[in-house]
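Note that the chains take the letters A, B, C and D in the order they are written out, and that residue 1 is the start of every chain.
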Amino acid sequence: MLMRRYHLMSSITIDTSASRKIKELLKFLLESGKIDAAVTMRKIPENNSYDLALITNASNLDEAVPVVPVMTVNAGQVLSSISTSGKKMAVVLKPCELRAFVELVKREQGSFENLLTISHTCGGVFPLELVEKGQIEELLPKYEKNVSKGEVPANTRDTCRACEHFIPMNADITVSVAGECESGKGCMMYFNTEKAEKFTEGFAGERSEQKFDPSVLQKTLDARLAEKEKLFSSTKKDGPGLDGLLDLFGKCVGCHGCSNVCPICYCLLCDFESANFDYNLPYFEEHLSRRGALRLPPDTIFFHLGRLTHMSFSCVGCGMCSDVCPVGIPVAAVFKKTGEKTAAIFDYVPGRDVEESIPVMVYKEEELSDIG
Amino acid sequence: MTDTERKGAVLPVAKEPGDTVLDFLRMAMTKEAADAVILPMKVPSGDSYAWILMNDISLLDDAVPIVPTMPVQGAKALRSLTRKGPGNLKVIAVMRPCEIRAAMELSKLGQVHSENLILATYDCPGAVQLQKYVDDPAGGDERFSGMLKKGNPDDSAKSVCHYCENFSIFDSDIHFGYLGLSEKEVLLVPGSGKGTEFLEELGLDLKKDLSSWEKGIEEIRADRVKTRKNSFEETEIQLRDIDGLLSVFANCIGCHNCQSACPICYCRLCYFDSETAEQDPDALITAAEKRGGISLPVDRIMFHTGRMAHMSLSCVSCGQCSDACPVSIPVADVFSYVADQTQNTFEYIAGLNDGDPLPLRQFRKAELPGVHELVKDADAEVPSHE
Amino acid sequence: MKDFEMRESGQDKKLRAKVGVYVCECGPNIAGKVDLDKILADLSELDDYQDVELVVKKYGFLCSGPGKEFLEEEIKSNGFTHLVVGACSPRDHDSTFMSICEKTDLNPYLYRIINIREHCTWVIDDKEKATEKAFSYIRGGIARVLRQSELFEKPLDINPDVLVIGGGISGMEAALSLSGEDRRVFLVEKTDRLGGVSIDLSGLLPGQGEVVKKKMESVTEDKNIRLFLNTRVETVIGFLGNFEIELVSKENAETTEIMAGAIVVATGSELFEPANSDNYSYSESDEVYTSISIEKMFSGEGEAKLRSGMKPSSVALIHCVGREEKNYCSGICCSYMMKLAGFFKNQSPDIQVTEFYRDLCLPQKDDQERYNEAEADGVTFIRIKDISTKGTDVSFEKMNGEKGEQSFDMVVLAPAMEPSADTEELADLLTVPLDESGFFQEVHKMTNPVGTSTDGVFIVGTAHGPKGVSDSMQFARASAGQILTRLIPGEKLIPEVKVTEILEAYCTGCGNCLDVCVYGAIYSDDSRGISVVNEAVCRGCGNCFGSCPSGALRTKHFTNTQLYREVDEALR
Amino acid sequence: MPQTGNILVIGAGIAGMKASLMLAGASNKVYLVEKLPIIGGKVIKNEESFPNLECSTCMVAPIQQDVLQNPNIETLTYSVVEKIEGSAGDFSVVIRKKARYVSLTDCIGCGMCYEPCPVSLKNEWEENLIDRKAIYVPCSGSLPNVPVIDSEHCLKLLGKEECNLCVESCAFEAINLDDSDEVMEIKVGAVILATGSATIDLSTLPNLGYGTLPGVYAPMEFERLFASNGPTLGEIVLRGSEKIPESIAVIHCAGRKEKKYCSAVCCMYSFKFARFLKHKIPSAHVFNIYSDICVPGKSYQSFYKSVDGADTEMLYTSSIEDVKVSENESGLKVAYPDAAGAMEELNVDMVILAAALVPGDDAAPLAEVAGVDLDSRGFIATVLDGSGSMETSRRGVFVAGTAEGPKDIQNSVIQAESAAGQVMGIVTSGVSGS
């Protein structure tokens, strides 16, 4: 995977942790009135749970934990419902959340106009199960050590361990967390765009022209790619085709939770829940006479196939779907693998660039030549 | 509801109660009293079950009528089959009492047409919690057979099963009773006119006295009622005020799995997903400005209380909502506690097949006696300021 | 060939809207009570929408002649896509401003009147607060009007013909008043003859008896009235102007299908069965008759004789039979009982006639006179607190507590009038509710006693409630009047525009809305398993809107989004 | 002989308005003439109407609005019909539009001109319970909401003083003091008389004490006392003493003996009064003294039963005409013969008389002008053809409402629509026939 070349950007070195630095930035932006609201993860002490919060008053920032290995909801999905307000907002996004939002903007579901995006190199998040059991506190120290050493932390989400896009591609402000920050060399906050410069005018820390050196994260990248190989081979059950699918998705209970939490699934009423998939009696009787038996409710597996065709090439592998599956189907792994394969045909990377149009939405004369 | 003078039939003993049920179904299909049956079957990966409509008798060998866990609520399967009408296939469905009760409620909402269905239930000792079963199917099977013997749920079962009173014959057409009986004996009890006719058609003589079986069931029910009271008292403390409610649902991420798993939630698009409930971006942020910040996604408590308002009168506390929750919120306990109160207020029992229409869909002059007193007291206090 | 994008990129395709905001001074009523210029200034600086241009102006009297011309000109010259008028109550001038929109090419449903007079200036004395409230009302109105969509009137062809059910005096009168070259009347009678109950009545006024016979002749001769005897109505589907009706003949069970624009229910009434009241016990052989059998005797052979053929020398006329049980007074029994007393006196001058009554109800024009004549003729009137009979022996208790016993040759009971037998069945057929006395429920007791909640179905005569022959015929002519104004041959009917629609994608056919629809405007489409609104019948009352758990129902012009945005904006 | 689709309706009460709306609905041109400055008739004087005690203004205001906004109805308020000549299908009518001195189009009813007017006199519309100015609208909520100047009391119009106070107060130059009557001639195909009725002059019944004893009230006076837009804004207080009455007697059939007919509606409004009194003064004792109860029809008796015993105590008298009301030290004494004929006495603070309905004092002159006969009771007679026809003795002239005799609102509306139905029979057949 070709690492992107980075041009010279003004940046500051961070003396404290990335989380505290971003919190300082948010405080500065809110108090200076440059933004009306900030979107960041928050820790709620009394029932030690986490949630994504929209904060408009700087005094409420103390519970904010901008960089935390927890994703209760994909911020990209939530942004689609608030980004079109006229208000200026700074949003702290993990790389896959930012990429998910880019895919949504391409589908008219939001706009960057009033957003200042702040992202960071990401070490992956823990599954909701652990968050709900309140084990994040104990796992944090070991997690931060792994991340700073470029190793893949244990028991994070499988798609996070296999994620090679952990460097944010087009955020206004990027904070390098993985690989640099804790290794004593101090991590950097880069202001990639004029918007970033304009917003952060007067923010503490003297500026220096720096180039982001991706090679430092080469070790992390190699570890992630190895994990991906392992993950994709594990999802290859005994052969493709219906049997393979049945093995994987046989135990699906049809709750469609995976599509509800998926940032790319923005349809109000999924086609598989609409009247189109409501069969009358002759249908059942005819299929029963032909096949001797059929599953009720029907189309449990067909739903996953349908979702794959509708959105898998835009799947950013955030892992929310696997987390909410009541029967633990590795939905994210299957969608990430299929998605990457399809996108590769069009050499398309979901969320890389908002101007890059969605493969199925565009007709190009010379296309799919290797298949033809 | 058991009524004393009802008689049942004794079925030939087989290895397990489940096998007795399968023998009965084979006999019914060979005699063409039924064209097809709906039964759970193991999925290829072996760690869960799915409802299968089958008319090929040979497939019955792999079916598992008395199934350890409840991946999909049976009423949802019946709804998908009969929403657009009863069709002309005679089908026997063998399900847990709470599944058949949910189907009865759905029939009052035009979602299930049971004219050509024979709804069969069996004594349910409880069901293994779905995630626990999927993680360890073999262990799950073992725990379930233990429950079958004891007639009561163990700690692997769903929380609602521990205080379920309607675990035996309720109002289905036919019922397989075996809890509390000697080893492997299974009684077949008709629950409705249709059920009696069906059994007589099959040539079964319904003469077996059921009193000993019924006494056993009553004993189990008695201590279930006690557990129910304690559990509701606990939930009451948890839900004492809005903060209590907020803390119970604090981890909710708004994935609405509980609504999709619930058999009573038949709406195609939930009101809380539709664009009407969707906040206008500016209004959202203005609301946030008033409080200095809001949690995203917004309206989680509104969703749960709204769903309660819409379906709690038909809630049969089958526990599917807790099973489907990724962050293990005890949704079923909360909804069962509320449903208990709403259904008592209307003196309505969810799932009865006596054609008693849904409380909110009929107007009775004398209704809500409790409320009248409340209103009268309130009036008394307010000085009439004419 | 150039690669072309299947769709333009999102940003530049925003809605272009130009909203005219006109605030009426209404003389001192508004201008005097609020700081109008501040409102106009604040409105013009509204930055809620980058893609909407607001034109904000004020005017003295928008409802005056020049005001209306000014507004029409403004709409045309500015080419507004939406219009908001800050003025008075919609009840006063909503229709005025909508008709102005109709003169321009601005759809009248992309306009809103905001009541800043009755809601702000007339009720808030503090000028500053009134200004603030008026401003926020108009701001909410703009938000709502932007989310309104165009609606169009859908004129419907109508069938001017009329179905009249019941061939009694009121059915015949309605049929005769309605039939014409351009309007056929189908008169359906379940028995084998016309005339109904009134054929046996000799009528209160002289010559009233002949009226019924005359009406029967003109009905049979009228070429525009098609008569169906021994026929009953099987099914009725449809709405005002378009009813499809199936008639079934009782003789050969053959069905005929007819189309009609309106239905007049004239199914009459029956008499209360005295045996159902425990005060009166008698057997077949006793000389105890109901008033209708005596009427038949007098209008038949002209005499009322006992079974033995003898003329009675003493008669008891007992009023208010069944009045307690039915809990209503039928209003005309006193009049016709005194008439019968007169007939008995003519039949045998020295006959002893005693009338027992609980209350004398003499509201008609010449009732009192008839009472005075009867008294002069020697009829004894006894007001009773309680009464009971065994055959022809009557025991009673007067108002002063005195108890009395008397036996008579003949006893005539005046039973209460109650709804006819097939009322309930017909009510279901026509989705017309019944009232607490079991008669058809009129849509408004005082201002529209002939109409029903199902538009196009009218109730006349004693089907509406107990009444006399002339009142019944007046009800019939009133219903004819309403039909003549609503169903004008050749003209179209414009049903309500702001109706409710059901989105097929969301509806699961649970039927909640069916239960709450008073007008029977929603039916279930079993093939698709959903409910459907018949937009020609729907009155847009919104009852169903509240009953749908999944929000599959949308009332045009009052959608949730419109209402929520209006409130959100107003409360900013 | 030209058949014309125009119709003249005299009287804009509930009957006149309903008949006009029905005829206008069939695209006939209707001239609606009303002698008062406002439309609405008697019904809008009651706060609520029986049997379901619905608010009268809420029931009638939409009908008034429809009449005023209907393009086919030309409403001529403050006008009288002076001549009706010709025959059915071709009547020529002379109408005098009395000078209003206030322009119907310019005035917006802001009410600024009432206060400055120096003249003050009794307001007949409010049964003289309150005063009004020379420039006035009969009550708040009048439609059309435009005042009229009473030329018999305005100082300027009487030539007594050069007073211009109302003109100066009007911001819209809507007042023109040298306005004058206007006479117009129209051709109509049919005429409907809907001029309503009046209550008997109770002072002609000496032993009931109306007029001499202040505590004795006529029914319309009590209606206005109870009305929220009435003289006392709904407070029930006794004349002079302003005291809230603790005990009230409602005496039925006042004037029935003299008029020799039952007025059909008094029982129902007497029960309504009992309900009003109990509602406004919960501690009050209410008595209804009756000899007969006339509650015809399917929904009246249930209202009577709901009032009987709950809001009032029913006292039966063997002869209602022998009831006597006299003064005693604490208030009023009502003497009446009980069931056995023995005289009973009742001490109350207030008496309300359920007065007989009689033809309005303009009924006879109207019959003159319209050339129609009156019946034995002085109401306008109909041709008694046994089919309840609303046609009067003169072909083409119809009558509806209480002008034909005492009746309730339901029957007035039915008669109005029935008369309109008959008119449409002639006019349409007339028009289409020609």
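List of remarks:
Methods note: contacts are C-beta pairs under 8 Å (C-beta built on N, C-alpha and C of every residue); 3 or more make two chains touch, one makes a residue touch a chain.
Only a predicted model underlies this, so the values are computations on that prediction, with no experimental measurement involved.
Distance from subunit D peaks, on a Cα-centroid basis, for A. The interface holding more C-beta pairs in contact, when B-C is weighed against C-D, is C-D.
With centres computed from Cα atoms alone, the innermost chain of the structure is C. For the pair subunit B and subunit C, the distance between mean C-alpha positions equals 46 Å. Subunit C and subunit D have centres, each the mean of its CA atoms, that are 26 Å apart. Averaged Cα coordinates give subunit A a centre that lies 62 Å from the centre of subunit C. Computed from the mean C-alpha positions, the centre of subunit B lies at a distance of 66 Å from the centre of subunit D.
Contacts with at least two other chains are made by no residue of subunit D. Residue positions of subunit A touching 2 or more other chains: 86, 269, 274-275, 278, 280. Residue positions of subunit C with contacts to 2 or more other chains are 48, 505-506, 527-529.
Interface of subunit C with subunit D (complex): residues 26-29, 61, 64-65, 91, 95, 173, 177, 180, 203, 205-208, 210-211, 215, 323, 327-332, 359-363, 365, 367-369, 372, 398-401, 435-437, 439, 444-450, 465-467, 469-475, 477-478, 480-482, 484-486, 488. For subunit C in complex with subunit A, the residues that touch the partner chain are 1, 3-7, 10-11, 47-48, 50, 504-506, 527-530.
The touching residues of subunit D, when paired with subunit C in their complex, are 14, 18, 22-23, 25-27, 49, 51-52, 54, 59-60, 63, 65, 69, 105, 108, 110, 112, 171-172, 260-262, 264, 292-302, 305, 316, 318, 338-341, 375-377, 384-388, 390, 405-411, 413-415, 417-418, 420-422, 424-425, 428-429.
Residues 86, 105, 108, 111, 269, 274-275, 278, 280, 357, 361-365 of subunit A touch subunit C in their complex. For subunit B in complex with subunit A, the residues that touch the partner chain are 36, 38, 43-45, 47-48, 50-56, 59, 71-72, 76-89, 130-131, 134-135, 247, 250-251, 253-257, 260-261, 268-269, 273-275, 278-279, 281-282, 284-285, 288-289, 292-297, 323-328.
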